[in-house]
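Quick one: the structure is below, and I'll ask about it shortly.
Read from first to last, the chains carry the letters A, B, C, D, E and F; within each, the first residue is number 1.
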Amino acid sequence: MDDYNEIMIEANAHCDGPCGVYDPASARIAGEAVQSMTNKMIALSDSDVDCSSASYINTMSRYASIKEEEAQKCKHELLVLWTDFFKPQHLESLPNLHTTFWNAAKLCSACKVEVSSIHAQELMDSIEEIHNMFWNVKGKDVPWIRAS
Amino acid sequence: MDDYNEIMIEANAHCDGPCGVYDPASARIAGEAVQSMTNKMIALSDSDVDCSSASYINTMSRYASIKEEEAQKCKHELLVLWTDFFKPQHLESLPNLHTTFWNAAKLCSACKVEVSSIHAQELMDSIEEIHNMFWNVKGKDVPWIRAS
Amino acid sequence: MDDYNEIMIEANAHCDGPCGVYDPASARIAGEAVQSMTNKMIALSDSDVDCSSASYINTMSRYASIKEEEAQKCKHELLVLWTDFFKPQHLESLPNLHTTFWNAAKLCSACKVEVSSIHAQELMDSIEEIHNMFWNVKGKDVPWIRAS
Amino acid sequence: MDDYNEIMIEANAHCDGPCGVYDPASARIAGEAVQSMTNKMIALSDSDVDCSSASYINTMSRYASIKEEEAQKCKHELLVLWTDFFKPQHLESLPNLHTTFWNAAKLCSACKVEVSSIHAQELMDSIEEIHNMFWNVKGKDVPWIRAS
Amino acid sequence: MDDYNEIMIEANAHCDGPCGVYDPASARIAGEAVQSMTNKMIALSDSDVDCSSASYINTMSRYASIKEEEAQKCKHELLVLWTDFFKPQHLESLPNLHTTFWNAAKLCSACKVEVSSIHAQELMDSIEEIHNMFWNVKGKDVPWIRAS
Amino acid sequence: MDDYNEIMIEANAHCDGPCGVYDPASARIAGEAVQSMTNKMIALSDSDVDCSSASYINTMSRYASIKEEEAQKCKHELLVLWTDFFKPQHLESLPNLHTTFWNAAKLCSACKVEVSSIHAQELMDSIEEIHNMFWNVKGKDVPWIRAS
């Protein structure tokens, strides 16, 4: 091992990916997909369809599966921000950092277990809160724009 | 099979995911990571380091591997837009649709094969062009904001 | 950066994987699985079973999920051919290249959304067309043999 | 190629991952999840619920999907032990090695296809047998402790 | 939506996977692999080998890549415990819950960025601490046994 | 549980995927990629290049990584044939079934650990042997055609 090693650790230890390319938009896009799938599942089950048809089970099970996958991706993207972007020095100005992320992650799990438009909206609200926390720390004014 | 099947195909055939949640930001974020990794690899190989150290090979091979993964993700996200978001009716107003996406995909591959800051920038330019095509079709004015 | 870099780009720029190992058989195998799952789903929903049993929902939802996965894999394998194997010089002799691949990719998506034996067969037909285009370009006479 | 190459092959050829970190606990944890999902699916389908509700299909299809994934993971972890940990010299003292793993792998597949608490238990029994074979070969006395 | 929905949320809302199959052994196995790869990388770079040979770069880059993957898996397994197993009622008896997991996750990232046997050992120590916290909450006395 | 369950297990227990779509071509394609990457790594390390350049390490580490991935995929595809396609009744006419697959899987691992054109060729030979065993059992005469 050499001196260079020390320098590199210095230079990289604050992130394990490409510095500066963190963006809460990834979590937001996944969250929108969770919400969209949740609402489609409720609408379809409330409609007057033959629930024993191949079409019905194909559509419902793939909606459930896309919801699962996107909720998992949303959770992953949020936790990347928590574990890698935010640093100990941010805790003073953001005393609720841990609780905010813990709740957001638990909402991702709830959106898998349930088909709940209420929890899907709460998840979107908590991603918006994290969007604001993130861009505040970066000192940039980035508007919250949904794709759907 | 039943009537319901016909209705559902009608309602869903234009996309195989959650309608309305397409967003070129996913490709943009991956493209920024490709560019960041490319530039870091060039900077590190130009610096005065011991290229036989464990640190050097650890850093270079993981930069190459993150570049590979993000270029693949970028390509995938772009192709989702090409195959699912854009429809035959868009071809008239966007006569270069196929060529634009073909070139963008080939740039993703080039950014894997090479360590080229020129091609990384060309990739970002072509993602910006697709960002504009996309939001034009949606009739929304969404600014191009990079995270890095 | 050095001269060697130029040479390597020259030597590799036409593919981002192992040159010469492209094979449309990967897309064909995935397409056959999509068709098989589609037909099994239709047969099972047409049979006289108790659609509330654990067995029924287990079988139907895993058939839907295998269909989804294989359709995705089929699309991916086809797009690797489009983005990496085919080059600008092939466009003259294959003027429908872009349209053929666009339609094939859209059929993959349709086979996810629907449970349609018609679209599953159209997908197989379009893979066979691509199989022929591919081996024509390679100047080799490889027969179209299905595994099922 | 050089002498060093020979030495390295010597040193590494008996495994393709990190020597010494094989542990049948990975297969055991996945097997427990398969059994848990199987039993939950049976209990839910035997209960008095409205099987056309969005909740029912969400829960059943995600249980089926977690069962599928964990059975696949279980199979993968078992086969890593078979292909990489066990060596030709173990065949003399373990004449049933191949048959034990073949049957265990086939039980993983059966637990995907079916919702059978009998096969789920047989899978757990065969993982326990492999746990004992493994730690016997390592000459260590490690108790079989389930997490559930 | 129906009454059944309420019951199911009640029954499942505390976890999004198979209750009772959480096991910190998964994180421990991944952590051991990180430590093993780290030590092998240091040993190989300290040895007297030709670092321009194909063997050397093959071994070093795959060790770096296994280290990366296992550190990611370790982080994922730890965060599943944090987001899903632990509940608000555990905070009183475990006031350092958030900090413990935050540091463990940051150590996973550090073990990717660096080739550091010190950080690899600190990661193992923090997994052992979490192992103890976990089994304390479950009221079971499970020994900490390493596979390597 | 119901009678239907028994029927379905009968009908599906011999495979856990889409019956009839097994095809050793998937393993063959992956094996060809392993061989191609192996030979390219040897050629590049034998050439007169500056092994400290960003291009060199980018190319070598991604060749190693593609080799790793394809060897893993090859092993997976082979083991699907062993665990799911072949049944106890095939053991009489194929007494070497287990040994053939065990050796083929161990060759996949060797091709990860080493950069050996000899082992890469032995892997291809053993895939060809399995190709012949497979199509013999199916009673079909399918020629062994490589894509490269």
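Observations on the structure shown:
To be clear about the criterion, contacts are C-beta pairs under 8 Å (C-beta built on N, C-alpha and C of every residue); 3 or more make two chains touch, one makes a residue touch a chain.
Here the structure is a predicted model, which means the values were calculated and not measured.
Counting steps between touching chains, the shortest path from chain C to chain F takes 1. The set of chains touching chain B and also touching chain F is given as C, E. Just to note, of C-D and D-E, the chains joined by more C-beta pairs in contact are D-E. The geometric centre of chain D is 21 Å away from that of chain F, both derived from CA atoms. Distance from the chain B centre to the chain E centre is 31 Å, each centre being the mean of its Cα atoms.
Looking at chain D, residues 1, 5, 8-9, 12, 42, 45, 51, 53-55, 57, 59, 61, 65, 112-115 sit in touch with two or more other chains. Under the contact rule stated at the top, the pairs of chains that touch are A-B, A-C, A-D, A-E, B-C, B-E, B-F, C-D, C-F, D-E, D-F, E-F. Taken together, the chain B residues at the contact with chain F in this complex read 41-42, 44-45, 51, 57, 60-61, 64-65, 67-68, 112-115.
Touching chain F in their complex are the following residues of chain E: 51-55, 57-59, 61-62, 65.
On the side of chain B, the complex with chain C involves touching residues 1, 5, 8-9, 12-13, 15-16, 42, 45-46, 75-76, 79, 82-84, 98-99, 102, 105-106, 108-110, 112-116.
By the touch rule above, chain C contacts chain F in their complex via residues 1-2, 4-5, 8-9, 12, 17-23, 25-26, 29, 32-33, 36-37, 40, 49-50, 53-56, 59, 66, 70, 142, 145, 147-148.
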